[in-house]
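Chain nomenclature is as follows: A, B, C, D, E and F, assigned in order of appearance, with residue numbering initiated at 1 for each chain independently.
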């Protein structure tokens, strides 16, 4: 397949052909069964990251009385984001339109047939490309909710997430991957450091601040009630991330293979790095630390996955593990916000570090001749990356704040004190885990 | 008759049971409880937030016995449950007016 | 790949070539590595639907004392059905034979080599086609058991399921997909609305009635003991269903992509529809409701998956969510049977609705020129569908009843009252969950 | 793809072309998108076998107080083995080097680009081949730990596993698959009967003996605390094993299809065989027995997967189920070692039986003309297999013993009595499951 | 007042509750306990290793009652919890000096 | 000495513990129990089948104290556990003849 996603639309329309032998299929759209096989599976893998991956990752970390409510948030968000995506989200994000937003040519997926091919992915059916991108929108939204676990009304959550997908996610996806101004400006984001992790991370931080701390924060035991669930969740996130990062090559080729390799290496390295950092500073290596490290490594390598080599992945892994450990413990304590499940500390910080790392370590040897980072002598790439980070932090942070304030005024964001003490499972859903 | 209730550290249960059976106690009932006392729970730190685990897991052992066995039973529990470290627990003795074995209907000391 | 499964053998033998560009490979059997890659994975995905998907879906909904027994039923049924399938099931269902049943040419899989290709799937090895179909037989049988959860003897369950696979599943699969009379009669069943869902749904209903209600039904609390397990189960069912429905294209192409798309859309829509219906009528949206809605949507879109567009999927999703909600609550109560885990309410009703919906919404724009439903002006297709539904209800319902009665006479179907009260885990398997 | 893994490097370098039509692509290395799609997914599947598959399989079988510690062992071992693999493990195992060990040409994966192809797998990127092999190294190491569950220090475990991967796993992998002396000597090991199962099985046995029995062995109740976790784990192992065995064809072709078929058939058959054997001898079929049987069947078919037909798979399944049942109960009791989770009884015995079975049942009809077992009149193959078994038992057993003794002297292997009684979760990781 | 404590087999709980309510008992408290007594736990075999489950699951029922109801309550429990097989359990009767209903502050028999 | 046993609503546990420690109670033991009383369990509906949850989750607090503290302790629990809604729970007071601290062997009021 000719065009990797991050180089995207502009290049695609210009018919640029990457001069790598493996990519020699040329610019004419033609469905390849191998690429299609891989991308269907990659879509299933990313779906598995949300359901049950993220749902369990989060459910294991809350208290027992909120475990079902936490899964309900992920389930409902994925369902809602999926429906919004086929109705209007995909067309806003991935049709040409302009620098800021796509057009409405695929509203309600009109015109989509078994033969359709998007100019953004010339060797697979457009239905597969659309679905693959849908799973990204769904998981990004669902990640945000970790920051406000244990205290948000289910109805408010639905309104928030629906609006957030349309107002925050779709534009940012368009800017970076759909031919928008960040992509044409040369921003590197292979699989979603900006679109997914920074975007969700800052939204989580803002949401945690707007909703306020959990009751009991700082004196009650808010530790995870069942980390076995979290271990299952992270494991499936890890496996699914192969679809997330290697799938972002949009083809079954050497690029996908390299992306898979550095993804796994960064995850393993960061898991060990967080483990060691915690062991040294707190006396014991916790299971929560090991899995948090893995997620930090996975999130951090994401924007760089198709551009860097194994040595860079080892470095990125160590930095991700140590920095996210610091951000989720000492730093969070200092700043005093209650980001329940460390969405900002892991995804936000990881996304920022990884997006910068892509600017530093991207190398033509892996990424093709047009892509060069600091180590290839192109220091400007780091600035380009920085600009995209700042723009995304402002847009996502700002609109998250506005949406939440509006929803708060209209129906209220937070459950009552009694509901919070007795648990959301019983009060919001009428169920409990024995 | 007396009902002796002991709150002990969980990992001492097997020793306490063995001690009691070795002095002829034929039955007892145990349950999982949580204790609060001089032994302060550890201060936990979970991702930068400190908290106090104020209740610690303990085991409650209840054994109904004849009046004349009180001393021996209390001694046996005391010895078996002892570590000398804070949080070892307590033994309470209360009067039990009647005991009945459901299976046979026997009552009093017969039923124990 | 040339021939979609539902059009099957007759067409295949006649060498009909679908006039879609993506299908232009022609009628000569030749293994394609992309199609093979996808179908191996699709097989693994459908296996994952049973183990652990369905096992957990069911295990979370029973009471704690029966959780292991419930997983044992799924495990043993999958193992048994698999062995029966290679011995005689596959050849009964998927060799030409006649209108009612296949022949014995592949008894014990004799003659199967690395080069074998079935005329029903011309671009993949026959071993893969056989395995893919095996996973369908296994999950269909396992679905039935939800209706009799908490009260069936393990030995009786094994006899019942072994006989059911041979006497009920294999013929019905042959009729619809193996060149039998329903297929030649034009019935549309893309991925198993009839063969899987109606078949299992009616068998479950009959079995629930034959075995009688659970002790305590109507006054004891029979609510799910741990819906976290159910959420994991449904999530894996959802992910695996990509293999189930998109895999039924038997190729990695645009047809598979569209099938995946409408499958996911219907699932998400039905999850939201059941959630809203329950919220409005009962006051709270339960987690059980959301996941049941998803399963209802998945089951309902199944027969229509390769034939309809996104708009139809949205409609089918809403109808599935609302109707199955009604069937599993108000209707079930009115009729007074105890279908423990709503096999009929979800799979039976969903399968019927979806099979009719395929007759209504099938459109040549998606399904190719030979396939036309009511919206393409071919009202007769709905009647064809209806006929197949009735035939399947009668065959499956009737033989399920006969098999159960025979097993009851020979070894007895139901555990003793003491076993039922104290739990099947301890009594049937000598184990318990702490 | 031309060369199946077990025939490996020597053949590959000599340019031997297997005369099967499906393999006709010839000897020139060229990335095929279908093969690549399948092998990326196979890699993800084998990763899923470890995380969360094996982690849950083991976690469910220990007592509740050690459940998190058990998952921590798998997590940390996979992470550590992965990092060691890219640094030096891969190059030791899979570069030409000599008869005993590879060279250092891929140290730190230097020279690996998107275009690299290994001579051992000529239709997929080397990055994918390297990652696929990495997942084997990781799971083999992690399997060992089941034998010493509930009593090993976390720090000692890390040192042991790190050294074991380099000193035991890498050489054995090189001998059998990387062009070493067992491969050139004609040993058949399709997917790891020797490299994975015998290797891990004997290491586990030695480790169990060196560490000594669990406190309470023989009088306390050491039964599994939550077999639902184990059922999830085994189900994911089963699904992932499709990637393990069919992936070992290194291509999406008929060979992969047959390997998948016999793998599943052996698993299902062995599950039923263990179930029946236990039912007859102990009075009840336990869930633990059914899933142990499935794992026994999967492990046993592994070395034979690409070489045998369905009939052989049925026979191998029955033998595996019955023999491993005997080894894990009566035999273990007689011998008196405490292999906590039956690593030797299931993987060791299964691996030995399967490796011999490959020598017996391998047939040219499936495996290609160069491969002939006893049933094809080549009795010598059984002796070749036996030799490889003995060599591996000695090397792995011996070095496992030496590594453990060294680690014991330096930092000590076993936790304190208080830690063992109160649980590893709390003492080693500061966490517990509610 | 008396506090009657019964240790019974788990599957008898519903019958005991019904028996007590049918003679007018308005409230009771139950908890899960483990019992050790004449009824020996089964010998389990797990993969070739034998072990004894020495504690069996039981339910503890506690009911505070008026002095004059003791006989009837004990009888009711005895009958409802009886299977005649070993392990049926025990009933203990103790004096209760005071009872208070938290909601209303009522005390004595009023509070029960 | 007395043993005061209180059955309270679970979400009142923290308040009760704080109230007791603030009047100088040094130790207590809690356990999870299920209660049956005037407060009727909700009627649940699960997929069209109605059922009654007759036992509601409660917490049992046991605290051994000196005779002279009874009034204050009962008052403290009463106030802290009170919501005024049905199901608030009960307090029972029983005589405790002896108390022993396992760690030190102290007995009587010293041991509390």
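One rule holds in what follows: a contact is a pair of C-beta atoms (placed from the backbone, for glycine too) under 8 Å apart; a residue touches a chain by one contact, two chains touch by 3 or more.
Remember, it's a predicted structure, so these values are computed and weren't measured experimentally.
Common neighbours of chain A and chain D under the contact rule above are B, C. More contacting C-beta pairs link the chains of A-C than the other of the two pairs C-F and A-C.
Between chain E and chain F, two chains of identical sequence, the interface residue sets overlap only in part, with shared numbers making up under half of the total. As a whole-number value, the distance joining the C-alpha centres of chain C and chain D reads 33 Å. As a whole-number value, the distance joining the C-alpha centres of chain D and chain E reads 52 Å.
Per-chain CA centroids place chain B at a distance of 48 Å from chain D. Looking at chain F, residues 31, 94-95 sit in touch with two or more other chains.
Each of the following residues of chain A touches two or more other chains: 32-35, 37-38, 41, 223-224, 232, 252, 282, 288. Note for the complex: chain E touches chain B at residues 2, 6-8, 31-38, 54-55, 58, 60, 70, 74, 77-78, 81-95. In the complex of the two chains, the chain C residues touching chain A come out as 20-22, 32-35, 37-38, 41, 45, 64, 223-228, 231-232, 234-236, 238-239, 242-243, 246, 251-258, 260-261, 264-265, 267-269, 271-272, 275, 282-288, 290-291, 294, 309-311, 314, 365-366. Put simply, chain A touches chain C in their complex at residues 31-38, 40-41, 43-44, 47-48, 51-52, 55-56, 59, 67-69, 71-72, 75-76, 78-80, 82-83, 86, 108-109, 112-116, 124-128, 130-131, 134, 154, 229, 232, 252, 428-431, 433-434. Within the complex, the chain E residues that touch chain F are 3, 17, 26-31, 64, 94-103, 105, 111-112. Residues 216-224, 282, 288, 328-333, 338, 342, 345 of chain C are the ones touching chain F in the complex.
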